[in-house]
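Each of the next two complexes has chain A plus one more chain, namely chain B in the first and chain C in the second.
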Partner chain A sequence: MRSLSLYVKRNSLIHKIDPFTKIIYVFVSVISPFIMPTLIFSASLTLINLMLLLLAKVVKRVIPIISFVFIIILTIFVIQGMFYGANQTKLFTIFNLSFYVEGILYAAKISIRAINVLLAFSLLILTTPPAEMIESLVRRGMPAKLGYIMHSVLQIIPMMSSNASIIMDAQRARGMETEGSLWVRIKAFIPLIGPLVMSSLVNTHERSIALEVRGFSAATKKTFLHQEEVPGGMKQLRIFLLLFLAAVLVWRLTL
Partner chain B sequence: MRNNQKKNLWSFNFSTMALVLIPVSIGINYVGKLFAQTLRLPLWLDSIGTILAGILAGPWIGAISGGINNVIYGLTISPVSFAYGITSVAIGITAGVMARMGFVKNMKRAVIMGVVIAVVSTIVSTPINIIFWGGQTGNIWGDALFGILRSANWPVWLASGLDELAVDLPDKIATTIIAYIIYKGLPKRITVLFEES
Partner chain C sequence: MKEIIINNLSYKYSLAENKALNNISLEIEKGDFIGVIGPNKAGKSTFCKSLVGLIPHFYKGEFEGEILIDDLNTLNSSIAEISLKVGLVFQDPFNQISGAKLSVYDELAFGLENNGVEREEMITRIDKYLDLMDLNEVKDNNPFELSGGQMQRLAIASIMALKPDVFVLDEPTSQLDPQGTEEVFKAVSRLREENLTVILVSQKLNKLADYANKILFLNQGGIVAYDDTAAVFSRNDLEQMGMGVPIYTEIARELELKNEKDQYPIRNSELKEMLVAKYGKNIGK
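Moving on, here comes the complex of A and B:
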């Protein structure tokens, strides 16, 4: 069954690292610039992420993820450049609009930090199949039922979107208008989503019965189908990452 | 004995029913957004499922739906949505609590519920917007308002809050009304399956 995911299959060092270590890495890489909000620190972490993405051979796939926030970053530079509270030093003026150094630096700081978050998560998402990520979390104490829910979301979304296009075609065939004035389009919304919600909720009843007869709520300990493969040295890497985070925290507190 | 067993089975089924509702409600969120884009509506309409889950199965299921929704979105579409997971959780809880307080009885009350959800969502989102984006939301109209207010020297939190509210108010009211209409259209034999005792 088709599943929702951004995972890209490649043969790289990053792909071989186990999901849990990568999750710890993302956590450390995302949190650190918020603890220590300097431009140089965020920029170096961003650079590290970029190099790791290069190593994982998935840099091209990052572009659509980044372009998603390109417009907001552009407007941050415009708005903060003009109106940031601590603005003093004039940088340049176009069409009577003055831009200031402080605002541009502030905008650069939040933009780099946001891009760093995106790159760190991209590294995890692009190199790890979601199913493995969920399994790795269930192994470390996340409730199995929560794991099931997340798995089934990944499968239900492609299923529901294909049902959505079927309903769209059916309603159009019956003469419902989906183009035209705003009011016409608003009116089309309920006839589209109504049948989908109805059929999905009816399905939930059947699914819950199917799960129950397979012992979904049984209190016995569940076992795993696959064995987890963790490459050597990962424990040390995890400890190093957490020590790095602790060092950042100490650095911030003593500064 | 037979009666007792039947009762047990029902409560057994109930928790599984509620759990199975969560992926469906996340799917509804996704499809709501899809339809809104296809119909070129000027709204997101991406939390219909979370609100519906809150109405049908109570605040906890609403909260879990909202939280997992953003985790899955973050893992598959846009990592930014992780940060707004708390907002979705708050929306689910608010919908669940207000539904239990009787705000899904008629349309007038549903509109009030939409306003409250918009305000809650704004209060939770604004600090995230300030930490993450310096106060902007990424919506052109809201950010234009933010720029105007900032140029008039309004404090960041107020300008950012109004930026978010300008976007959230129409969206969440519309979303709640849609969830309400869907809920009212559901046959009793379905809604009763999710209801708490």
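Moving on, here comes the complex of A and C:
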């Protein structure tokens, strides 16, 4: 069964780190370039993320994500290069369009920061099974019901889409055309909505009963089947990361 | 010893015109296996939902009377509290899967985690009920990938792991193929061996004749009959009310074979004995 997840199973140091430490890392790595908005600083953090992704053996999976945002980044460069408010120093001209150093630098700054955010989150998502990530948050006080919603979105949505294709098959078996032009597809989709919505409503209602009779709303403190495996040194790493963030903050304020 | 006492239970769903249950009073002994029968819309499912407290805590509506389970009054207890005494399994196996767990093994832990059962105890129970419900080979599979019969056995195991005293099953085989149905009935017989009090709604009268010591016959929200299995299936007015009888009872009726208690036999073995007694050992030869 497909579950919505980008997790890539690998044997790496990064994979062994517990979800909570990684969440703290992502938080620090994403926030600090916004506190300290210099190009060098953002670029260094981005480089660190890239190296960690390499270490985790998942760099290949990041490429499609990066190439997707590449188009957006290109647009930023073009627009800021030409029209940034503080543009003064002409860099080059093509087809009578002038690009300026200030704009290009500014574009580089935001792009690097965006790429950094992307890489940091990729590092977390590609190396952590979603179920473990959610459980790690529930252990630390996130409401179990919110955790359930996150779990079920990952599990039940693929389930529903396979339901949709079952209903589609049934309709195709009865001679309805479901493939072809957009109009044909839309026509095929309309009679799908009724059964899909109805069955989803009934399913949701019944499933909530099933959850209730298994203590979903119990007032007792939850326990966990799986023990959290936190490798040695992670407490120190978390403290270091937070101290780093504090240092960046102090640095910025005294600059 | 009494397990459940129901006094003047009536219930009307919020938007309904008529009462789904009307003035039900009955007592269930510890260790009883009650078969519940009745035509469509008789109130069988409503009865089950009342036993586990879904009525009146999940479904609002007009609730009257009381249900006492041991010393617990369902009206004053939460569904979660009641669920540790009374377990419910219902028709659709698919909808009973939590959707929050990626393996059968973890799925069994769902209710235990919610109820704060300690980890060691959790593992002991999961292993026990995986075994009892024959789910060991699929323990690492995704629950959604199981067959209907396996899913339903998983639902039963998940509830058993909470160790209720009473087990309510509302037509657990109505959406299963013949093989799944057999699997689930085998699982149900394990419940009986565990000495649980079982309440089973089913249209499979032959199976009820095999398992149940009492039959509760509901119609239009009221009790038509609540008596020993043989006594209920020996009534002459069942067809009139849209209910059949077990196959062996029907044969016995055709042959006008009644036992010394003036009842028809309900099981294969009984019918055989009576046939032999009446026509001699060489019958059929």
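The working rule: the second predicted complex is superposed on the first by the 221 of 255 C-alpha atoms of A that agree within 3 Å, B and C clash if a C-alpha of one lies under 4 Å from a C-alpha of the other, contacts with A are read in each partner's own complex, and residues count from 1 in each chain.
In the analysis below, contacts are C-beta pairs under 8 Å (C-beta built on N, C-alpha and C of every residue); 3 or more make two chains touch, one makes a residue touch a chain.
This is a predicted model, so every value here is computed, not measured.
Undergrad: Thinking of the overlay built on chain A, is A:R207 touched by chain B (first), by chain C (second), by both, or by neither?
TA: After superposing on A, A:R207 lies in contact with both chain B and chain C.
Undergrad: Just checking: does A:L74 make contact with chain B only, chain C only, both, or neither of them? Give me first, second, both or neither.
TA: neither
Undergrad: Who does A:M160 touch here: chain B (first), chain C (second), both, or neither?
TA: In the superposed model, A:M160 contacts chain B only, not chain C.
Undergrad: One more residue to check, A:F189. First (chain B), second (chain C), both or neither?
TA: Touch status of A:F189: first partner only.
Undergrad: After superposition on the shared chain, which partner residues are touched by A:L225: those of chain B (first), chain C (second), both, or neither?
TA: A:L225: touches chain C, not chain B.
Undergrad: After the superposition on A, what does A:G215 contact: first (chain B), second (chain C), both or neither?
TA: Only chain C is touched by A:G215; chain B is not.
Undergrad: Please name the chain, chain B or chain C, that touches the greater number of residues in chain A.
TA: B
Undergrad: Taking the superposition as given, does A:S152 touch the first partner, chain B, the second, chain C, both, or neither?
TA: A:S152: touches chain B and chain C.
Undergrad: Check whether A:Y106 is in contact with chain B, with chain C, with both or with neither, and answer first, second, both or neither.
TA: first
Undergrad: Output the chain A positions appearing in both contact lists, the one against chain B and the one against chain C.
TA: 148, 152, 156, 159, 203, 207, 209, 211-212, 216-217
Undergrad: Mind listing the chain B positions that touch chain A in their complex?
TA: 12-13, 15-17, 19-24, 26-28, 30-32, 34-36, 38-42, 45, 48, 52, 64, 68-69, 71-72, 74-80, 82-83, 131-134, 136, 138, 140, 143, 146-147, 150-151, 156, 178, 181-182, 185-186, 190, 193
Undergrad: What residues of chain A sit close enough to touch chain C in their complex?
TA: Where chain A meets chain C, its residues are 1, 3, 131, 144, 147-148, 151-152, 155-156, 159, 203, 206-207, 209-227.
Undergrad: Which part of chain C faces chain A closely enough to touch in the complex?
TA: 49, 52, 54, 58, 78-81, 83-84, 87-88, 90, 92, 94-102, 106, 109-119, 122-123, 126, 142, 144-145, 155, 158-159, 162
Undergrad: Using the touch definition up top, name the residues of chain A that touch chain B in the complex.
TA: 4-6, 34, 65, 68-69, 71-72, 75-76, 78-80, 82-83, 85, 106-107, 110, 114, 117-118, 121-122, 125, 130, 133, 145-146, 148-150, 152-154, 156-157, 159-161, 164, 168, 178, 182, 185-186, 188-190, 192-194, 196-198, 200-205, 207-209, 211-212, 216-217
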